[in-house]
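The next block holds one structure in the form of C-alpha cells; read it before the comments.
A, B and C are the chain letters, set down in written order, and residue numbers restart from 1 in every chain.
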Amino acid sequence: MTGLTVDGLRVVAGTSGRMIVDDVDLSLAPGESIAIVGESGSGKSMTAKALIGLLPRGIRAEGDANFAEVDLMALDENAWQRVRGSRIGLIMQNPFTMLNPVFRVHRTIEDSLRPEDRSRMTRAQRRQDVVWRLAEVGITDASVADRYPFQLSGGMRQRVAIAAALAREPELLIADEPSTALDVTTQRDILALIKKLQVARGMSLILITHDLRIAFSMCDRAYVMYAGVMVETATSSELEHEPLHPYTQGLLLSEPPADRRIAELVAIPGSVPPADQVATACPFSTRCAWAKAECLVGRPALSEVEPGRLSRCIRIDEIRGELREVRSAAEAEAVETSATEPATALVVVTDAHKEFRSGQRTVTALGSVSIRLGEGEGVGLVGESGSGKTTLGRAIAGLETLTGGTIEIDGIDASDWSKLSARDRKKLRGTVQMIFQDAYSSLNPTRSIGSALAEAISIRDPSARNMSQRVGELLHSVGLEPEYAQRKPAALSGGQHQRVAIARALAVHPKLLICDEPVAALDVSVQAQVLNLFSRIREEHGIGYLFITHDLSIVRQVVERVYVMHNGSVVEAGPVDDVLGTPSHPYTQKLIASVPSAEAGWLGEG
Amino acid sequence: MSARTEVVSLIEAPRTRPNVLVVVTLTILGLIVLLAVFGRLVSPYDPMQQDLGLGLSTPSSEHWLGTDALGRDILSRILAGAASAVVGPFVIALGAMVLGNVLGLLAGYRGGRIDSIIMRWVDLTFSLPGTLVVIVVAGTFGGSYWLAVVLLIILVAPGDARIIRGATLEQAPRPYVEAAKSIGVSEPRILLTHIWPNVAPAAIANASINFAGSLVALAGLSFLGLGVAAGTPDWGLMVAEGRSLLFVNPVAVLAPAAMIVLTATMVSIAGDWVYERLSSRGMSR
Amino acid sequence: MAIVRFIVRRLLAMLVLLFVISFLVFSLLYLAPGSAIDVLLKNVPRNPETVAALTAKYHLDEPFITQYWIWLQGALRLDFGESIQTTLPVTGEILARLPVTVFLAIYAFAIEMAIGLGVGVLAALRQRSVADRGLVALTVVGLSTPAFVSGVFLLYVFSVALGWFPAFGAGEGFLDRLWHLTLPAFSLAIVGSAFVVKHVRAAVLAVLDQDYVTFARARGISRSKVLFQYVLRNAMIPILGVSAMVLAFLLIGAVFIEVTFSINGMGSLVVKAANSQDLPMIQGVAIFIALIVMGFNLLADLAYLAADPRVRNRTLA
C-alpha cells in the first residue's frame, strides 16, 4: 500500500490532555493533491505538523498514520530524520522567518541536499546544482545564490524555501499556508509554482489553507476542519457545487465575490470555539442556524451522504434543501451602485508627496497623489504593500506628515497637524477617525473596554454624565453586550476587538472613518460580520469611509468609488463597478486576476 | 518581544494557586525590612558594645554566633546591619526608577534632540564599570555610604532610562497609542495612562535588579573600606573585618556573607514575581 | 573598505570619549576636598620648600587648562607622575601588577564561558525539566553572590577547611600561578557564569522557537547540525552583544577578589590608592581601565559585525 493513510488522528496537549485535534481521517494517493481547509483554531496546522513529527514541545499525536509502509506514529527522532525532507517535505507560512538569517542562499540549499549526494559533489558541482534548483523555482538570476535572506523579497524567499524543501526530492509535500504572508500578486505566482512542481515531479500535496477558493483551484479533494475535527470532505468540484455541511456553506458565503456586489454578506454569528469546549457536541452547534437539541447529544460521526462525500452534520438530509435556497438567494442578488464625483468634498488631497528616510536611503512612499472624498461617501484605496495606500490614509488622519502637497479637511488646511491651532486640531480629531488592521493592538491591553470608551466619550463631552450608560449604548451600537465594558481586551475575540475599536471611533461622532485593512486579520466567517457592521453604521450615521485594502472582493462590497494605487501613485480611479468591471490599467488587471478563484485555470498556464 | 530579555526566572507562568517559593520569599523580605527598621530593638546586645575581655569567641549559648575581635556580638551586628543593607538600595532603586522612567519615556516618545542627549549620557555610563567609578570617586573624596548612594543613582539611572526608552519606542507606534492620539488624548496623558502602564512591568523588574545590585555594590564598598564608617554594623564591613579571622570564627564572616546573598536573591525573586503578575495583567479579565 | 571606515570612526569616537574621561579624571585633583597642595602633600611635612617643589613639579601656578594640557601630554606618554604613597612612578607600579590581573581575568573568563555556555545550552534544551529548574535556581543565587562573598566561601571551604589551595598570594611561574589563582578565578567566575548562563539560556530558547529551526528539521538536517549551525550560531549573536558587560563584571570582581585573596594586582593597587587618597595613582589606574574597557568594547562590536550579516549590512552600508 502506498500513499498516506491517517486514521483517528488525535493531537493533545501533554500534561492537561486538552484536545486540539480529534478523529481525523485522511487518505492521499501518490500524485494526488488534497487541501485541509479551516479557520484559525481549526487544528489544520497541528494536523500538518503531526504528519511530519514537528509538533511543538509538550504536544503529542495519537492514532494511526501510515505513509508508504512507514508507521509515522512509531518513529523516534532518528527515524523521523530519515523521513523528513526525503519522503515528506514541508513549506511553512512565513518566508521572512523560515530561512537561517546568517546563511547565504546557496548554503541553505546545499545543507538541504542528502548528505551522501552533497559529499559526492565537488564545489563546482554543488554550485551548479544550486543554480539549477533555483532555476527550477523560477529564480534565473544565479547571483541570488550568494545573497542573504534579508536581501530578498518575500516571494523570492518563499521560492528559495521551496527549493530547499524539495532538495531531497520528497514524495509528499505539505504546504502550510504557503502564500498567506505574501502580497496578492505574488501569492498567485507561488501557488502556481507549487502546483507546477507537484505535477512535474508527480508528488503528493497536502495544502493547508483558510481559503476555500484556493483549495478548490489547487487540489483534487478538500477536507474542511472546524474546531479540531473534520466536518466535511469531498472532491473540490462537488464541494464547490454543493457543500453538505452548514459550516462549509457558511465559509463559502462569507467570502465575498469580486465580480459583483451583493445586498448583504451572509455572516456566521459568533467565533470559533476552542476545540475542547465543543468536544461532546456537534462542534458547529454553537453557531449553526439549524442546530437542534439532537445536535448537542454527543459529537456526530463523519458519515457518508453520497458516495465519496462525507459530512458530520446529522441533519444534512433534512436541511439540504434549505441550504440550497440560502445559497442561491445569497448569490443571486447583485445590486447596482451609484457613484458620482462628490459635489461637496470633505477631504481634498492635492499632490501629496511623502519620503521616508531609512539609513542613508530615501524611500518614496507617495509620489504625487490627489484624491477627493465626499461627505458620507464610501471610497476604496486599493493596492499591495508598498503602494503607499496606508501612508496616505495615515496622513489624512494626522498620524504622518507629508513631505509635500496639501490636505484639506472640512475647509481646514491639515497638511501639517503640528501647525494647527488647538481648536482646529480638536475639530479635526472629531472629524476623522482611524480603524487599524490589528484591532487587538489598537486597544490598550492594561485597560478595560469600558475605560477606553469612557475616555473617548469624555474627550468629546468632558462633562458627560451617566458614563456607564453611555458606554453601554456605544457597545450596543456595535452589537456587543454592555457587560463587555468590564473586560480587558485579552478576553475578547478578534471580531469583538474590531467592534470595540469602531465604537471608540464613533464616540467622537466623526464624519470620516479611515479603515486600514480592518478585516484582514480576521477569520473569514468573522470578516463578513464586521463588513456588515460597517455597512449598517454607515446607513445609520451617514459616516463616510476611506477603505484601505488589498482585497478587491471587499472593496466591491463596501464602497462606491475606488482609487487603485501602485508604487506611490494612483494608477486608476473611478466608480467601483467600472474600475473592477472594465479595468483599463495593466496593474488593475493584474490585481483582478490575482483574486483567488475556484475556477479551473485561475492559476494560469503555470 | 518584551522589553525584558532575561528569561531566567524561578517564577514560571502566572499561577492562581499561591506559590510556596513566593510566600517564603515575601516573608523573609518582610522580616528583613522589619529588621532594618526595628533591628536594634530586638537584638540581644548593643551591636556597638565592645567587650575586649570576651575577645574573639566562637558561638555559645550567650552569643549564638560568637563575637568579633572586639568582643561585639555577631548576631546583634547582623540584625542591626539590615538597616544599611536595605535603606541605601531602596533609595537607589527608587531614585533611579523615577529619574530613568521620566527620561526614558521622554526620550522614547519625543525622540530628536532630547533623545540624543539622554542617550549620550547612557552611552557614557555604559562604557564605564560602575563600581570602579565609585571606587575612583570615593578615593578622591574619601569613602562614605551616602556619597556612594548618590553616585550609584547617577550610574544606575541610565540603565533604567535605556530600558524604558526601548519599551516606549516599542509601544509608541502601536495602534492603541495612535488611536488615543487620534481621538485627541493629550501627550502627558498618553505617556502616563497609556504607555507607562504597559512598560511598568519592565520598570519594576529593573528596579528589583537595581535593588539587588546596589545592595551588593554598597556591601562591597564597605568591604573595601570605602563605604560605611568603621565600626558601623554592616554586612560588607563585617566580612572584611572577619576575613583574617576565618580560621578562628568562620561564622563571623560566613553569616553576614550569607545574609548578603540571601537578601539579594530574595529581592530578585520578588522582582520576578511582581513582573510576572504585572505583565499578565492584560492577559486575564 | 567599509570595515576600515567603521573602525576608524569607532576609534575617533573612542578618542573623544577618552578625552572627556581624561578631563574628568584630571579634575578629580581639584574636586577633592582641600587644595591641590594638601592632596598632593599628604604624608610629606608641609613647609615652603616642599610646597614650592610640588608647585613647580605639577605646574600648580599655571591656569587650570594649561595644567590639564601639561598633564594630558604626560598621560599620552603614559606618564601619570609618581604615587604619593610609594613615590614610585605610577605607570611602573601599574605595569608591574598588570600581568597578575590579566592572568586572573583570562582564567576567570575561560571558566565563565565554559560554564556559561555549557550550562546555558543544557538548561535551554531541557527547558522546564528538573535539571533546568535546578540550574535556574543556582543562577538566581549566583547572580546575587558578589565576588567577595563567593571568595570568602570558597576560601573557607577549600583553603581553611580542606586545605587544598593556598589562601593568599599569586605564586611564581605558570603552574604555581595557576594553582594559586584557581580559587580566586573560580570565586570571580561565579557571578559572571550566572550572568552568561542567564543570557545563553534566554538566547537559545528564543532561537529554538524560530521557524528556521523547525524548517531545518523539516528538511531532515541532522540534529547536531541543527544545534550547532542553526541554533547556537544564531544564539551567539545576542551573547556577543553582552560580552562587553561580562568584562566590566570581571574587572569589578577582580578588585574584590584581589583584596580577599591578598593578591598584589591592579585591583588591590586601586583599593590601596583609594583608601589613602593617592590621586596620581587613582588617575593612572582610571585611565588604564578606561582604555581596557574601550578596547574590549571595540572587539565585541567587531565580533558582532562578523557574526550577523544583517548588522553588517546596516552598520557598514
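We adopt the following convention: a contact is a pair of C-beta atoms (placed from the backbone, for glycine too) under 8 Å apart; a residue touches a chain by one contact, two chains touch by 3 or more.
Just so we're on the same page, UniProt names per chain: A = ABC transporter ATP-binding protein; B, C = ABC transporter permease.
The structure displayed is predicted, hence computed values, not measured ones.
Participant: Please identify each chain that touches subunit B (ABC transporter permease) as well as subunit C (ABC transporter permease).
Facilitator: A
Participant: Which two chains does the highest number of contacting C-beta pairs join?
Facilitator: Summing C-beta contacts for every pairing gives the maximum at B-C.
Participant: Subunit B (ABC transporter permease) to subunit C (ABC transporter permease): how many Å between their CA centres?
Facilitator: Distance between chain centres, rounded to whole Å: 22 Å.
Participant: Centroid from C-alpha atoms only, then distance subunit A to subunit C (ABC transporter permease), rounded to Å. What do you get?
Facilitator: Result: the chain centres lie 52 Å from each other.
Participant: Can you give the whole-Å distance between the Cα centres of subunit A and subunit B (ABC transporter permease)?
Facilitator: 48
Participant: Which residues of subunit C (ABC transporter permease) touch subunit B (ABC transporter permease) in the complex?
Facilitator: Residues in contact with subunit B (ABC transporter permease): 17, 20-21, 25, 28, 31-33, 128, 133, 136-137, 139-141, 143-149, 152-153, 155-156, 160, 197-199, 201-202, 205-206, 238, 248-249, 251-252, 255-256, 259-260, 270-271, 273-275, 277-279, 282, 285-286, 289-290, 293-294, 297.
Participant: Subunit C (ABC transporter permease) touches which residues of subunit B (ABC transporter permease) in the complex?
Facilitator: Of all residues in subunit B (ABC transporter permease), those touching subunit C (ABC transporter permease) are 5-10, 12, 124, 127-132, 135-143, 212, 216-217, 219-220, 223-226, 236, 239, 243, 246-247, 250, 253-254, 257, 260-261, 264-265, 267-269.
Participant: Considering the complex alone, what residue numbers of subunit B (ABC transporter permease) touch subunit A?
Facilitator: By the definition above, subunit B (ABC transporter permease) touches subunit A via 174-176, 178-185, 194, 197-198, 281-285.
Participant: Can you tell me which positions in subunit A touch subunit C (ABC transporter permease) when the two form their complex?
Facilitator: Those residues of subunit A that touch subunit C (ABC transporter permease) are 52, 54, 57, 77, 81-86, 89-90, 92, 94, 97-102, 111-112, 115, 148, 150-151, 161, 164-165, 167-168, 359-360.
Participant: Given the complex with subunit B (ABC transporter permease), which residues does subunit A contribute to the contact?
Facilitator: Listed in rising order, the residues are 397-399, 425-426, 429-430, 432-434, 436-438, 441-447, 455-456, 459, 486-491, 501, 504-505, 507-508.
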